[in-house]
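Just below sit the structures, each encoded as structure tokens.
In the two complexes below, chain A is the common chain; its partner is chain B in one and chain C in the other.
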Partner chain A sequence: MAYSDKVLEHYNNPQNVGSLDKDAPDVGTGIVGAPECGDVMKLQIKVDPETGKIVQACFKTYGCGSAIASSSLATEWVKGRTLDEALEIKNTDIVEELSLPPVKIHCSVLAEDAIRAAIEDYKKKAGLGGNPEKAS
Partner chain B sequence: MPFLEDDARKAERASTLPRQDGSDVVDPFALLGLEPRPDLCPVELEKAYLNRSRELHPDRREGEDATARTAALNEAYRLLSDPWRRLAILCEMREPGVLNRCRELPPSFLIEAMERAEEVEAARGDLRKETELEARLSGELAALERKAMERFAAGDMRAVATLCHEARYHRRALEVLHDPGS
Partner chain C sequence: MKLPVYMDYNATTPCDPRVVEAMLPYFSEKFGNAASRSHAFGWEAEEAVNRARRRVADLCGATPKEIVFTSGATESDNLALKGVAEMYREKGRHIVTCVTEHKAVLDTCKRLETRGFEVTYLGVDRKGHISLDELREAIREDTILVSLMAGNNETGVLHPVHEIAAVTKEKGVLFHCDATQAIGKMEIDVRKLGIDLLSLSGHKIYGPKGIGALYVRRRNPRVRLVAQMDGGGHERGMRSGTLFVPQIVGLGEACRILSESWRDDVEHCRTLRDRLVAAIEDRLDHVTYNGDREACLPNTANLSFSYVEGESLIMGIKDVAVSSGSACTSASLEPSYVLKAHGLNDELAHSSIRFSLGRFSTEEEVDFAVEQVVKTVKKLRDMSPLYELVQEGVDLDSIDWNTH
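For the complex of A and B:
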């Protein structure tokens, strides 16, 4: 399958690969997986508690080019955003930006899930209540 | 002539199952004239495949869909030759949609999968480490398969579906170890 130029760009030169200390109080970690293909993706955010903005983001993904590109793009996009702003990133935005074909849409879903999981993890640590739907 | 036209027709009729979305999906077991069960041995599978191939061979059966039938048969054989695909197909036959319902894996499992992928990456290029890791992962995969067979026999399709998903990560890790190019 042919990858789009943007996917190749992120694949060959992925942004923000690495790890943050998952035990640090200002770091949120999200690990998600796609069982269809055995992909696994870890996305981490570092939040400034003063401003509530994401100051750093990194990822580690074992998967296809589209999964790597989706997570690379996701880390680029969340940086500088508040948590609520980061939650506005939708998988469809990633699909559009990377011109992902239908068979690779699940890669963008994985990236969106990873952002949500990382934010959820940070909120839990920071005592921000987490998902309001789950709060009673 | 030992070949019975009726048998082939019966098998064809029996070989489509209703899917969740209303469309029909081919039941590869029926196509090969086999009982739907997970513990098929390769020999009986091959025997069934060869028998059915003879019956459906375009030289014996006229008609334009003979080629399509042979292709379907080849596909059924390919699917059932893989024990994990076989288990996944059986799961869906027993409980349609179960694979999708069980697709969310526990975080502890995903952390393990991540660590395993890191281990594979670290072992790459070191033949001794690669061999050790391959042996360990193959052993773990075989244990998962035994567990899946047990859960299938117990009728717990959710457990089988989850194990099928978990095994995908082991299989993926082994694929990476086998393929020096990736």
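For the complex of A and C:
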């Protein structure tokens, strides 16, 4: 299948691959997807408690090129945002930015879910009263 | 070395230059209709067809009158199954096949099920083998046909054709064998093996696409078919339609070359395939060999790379043309049904790559492919949350993925 230039760029030079200490109080971790579905995304954020902004983000993804690109892009986008601003990132934004074809839309959904899960995790740790019912 | 490197010979093969050479005169110069009996143009074409038919027959131990030209193995499979089903439906309406067969057989069986036939699908074990006892038990009073392939397209696993034929003979049912992948990669002699119907295809054996053949036994027993294409009664009434002479000539030449040198091809492919597998297994851990290392087509290796998803792997080794066991590019996101039948979990099935080598593969290409695979798998594992968890000692099966 043909990939867009932006997907290829992220696949060849993924941004922010890595892991943060998941036990650290200022780190939120989201793991979404399942191996049998062919996609698992782990997205982590490090939040500055003073400013409430995401100062660092990283990911590890098991999945197709579009899933890798979606998570790479997601980490780029959340950096520097407040938690609420990060929650505004929608999967459709990712689809548009990466020109994902219809069969790859689930990759962008997964990336949005990963952002949400990471934020939920951080909020829970920080006692910010996240809504656990919404965790996907 | 030319890039990308081609390692998908089970999908299709390039035409051997000798095949193309043999075909060319039959487009414009010797263009006659092989069915034209009244002039030299027709005789010339007919002679070429006869020569090709003899070559196809020689390759598989048949006689020329037992060869029916078709558009390819899919049509051969359709003709064999539907043709036999329709011809023998008064005798019985039960067919036995296997879950790892090609779709051309499985989907034809599905069609027959809608037409009042019953089909038993034999399962396979972890290595992809059927049980002969299960086969024996599956054959009933009303069974008319057993259809089992010689070598599997995805894994290369070989069915014990000779033993299967012995069972069908003992039970008095017909045996159709899809030998599309196996022909030219092992000795296939329909008489010695006891095969009643055999499908083969041109483009898997360095011949042209759009041509294939069905062997239909004429003696002990004489197999009869109901044609699925009506018209001028070509091919002894079994397949109407003006013969595509250039393609037939090409298939004949491909078969002639194989009869002469298939053992060289086998030797060549086996050496390279073993080199490829040994190098990859030496340099990477968590590699699963899918299928049976012993009973396997000499050119095929199907490997799963745990914790790496197949499509991203293929993307990373873009200069090596291989195929993935994950049909992730289709809307269904379904992993290979063949590997799942082996009992592989979805994750491993998604992580599988089929390497299939051929006559024109080289050692340099194999070494290049190994480098690409090793480099990409390492890079993707560094990026894989699953690999990280496993390195931390977490059992992936212990995780309830749905709750995350």
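One rule holds for everything that comes next: the second predicted complex is superposed on the first by the 127 of 136 C-alpha atoms of A that agree within 3 Å, B and C clash if a C-alpha of one lies under 4 Å from a C-alpha of the other, contacts with A are read in each partner's own complex, and residues count from 1 in each chain.
Criterion: a contact is a pair of C-beta atoms (placed from the backbone, for glycine too) under 8 Å apart; a residue touches a chain by one contact, two chains touch by 3 or more.
Computed from a prediction, not measured in an experiment: that's the story for all the values here.
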If you stack the two complexes on chain A, which partner ends up touching A:14: first (chain B), second (chain C), both, or neither? second
Scan A:32 for contacts with chain B and chain C and give back first, second, both or neither. both
A:65 in the overlay: touching chain B, chain C, both, or neither? Say first, second, both or neither. second
Which of chain B and chain C A:40 touches, first, second, both or neither: both
If you stack the two complexes on chain A, which partner ends up touching A:52: first (chain B), second (chain C), both, or neither? neither
Does chain A have more residues touched by chain B or by chain C? C
Classify the contacts of A:103 with the two partner chains as first (chain B alone), second (chain C alone), both, or neither. second
Touching chain B in one complex and chain C in the other: list those residues of chain A. 31-33, 35-40, 42, 60, 62
Can you tell me which positions in chain B touch chain A when the two form their complex? 103, 105, 107, 109-111, 113-114, 117, 121, 164-166, 168-169, 171-173
So in the complex, which bits of chain C are touching chain A? 307-312, 315-316, 326, 328-331, 333, 335, 345-347, 350, 382-388, 396, 401-402, 404
Within the complex, chain C is touched by chain A residues 1, 3, 11, 14, 17, 19, 30-42, 60-65, 67-68, 102-103, 106, 117, 136
In their shared complex, chain B is touched by residues of chain A numbered 31-33, 35-40, 42, 60, 62
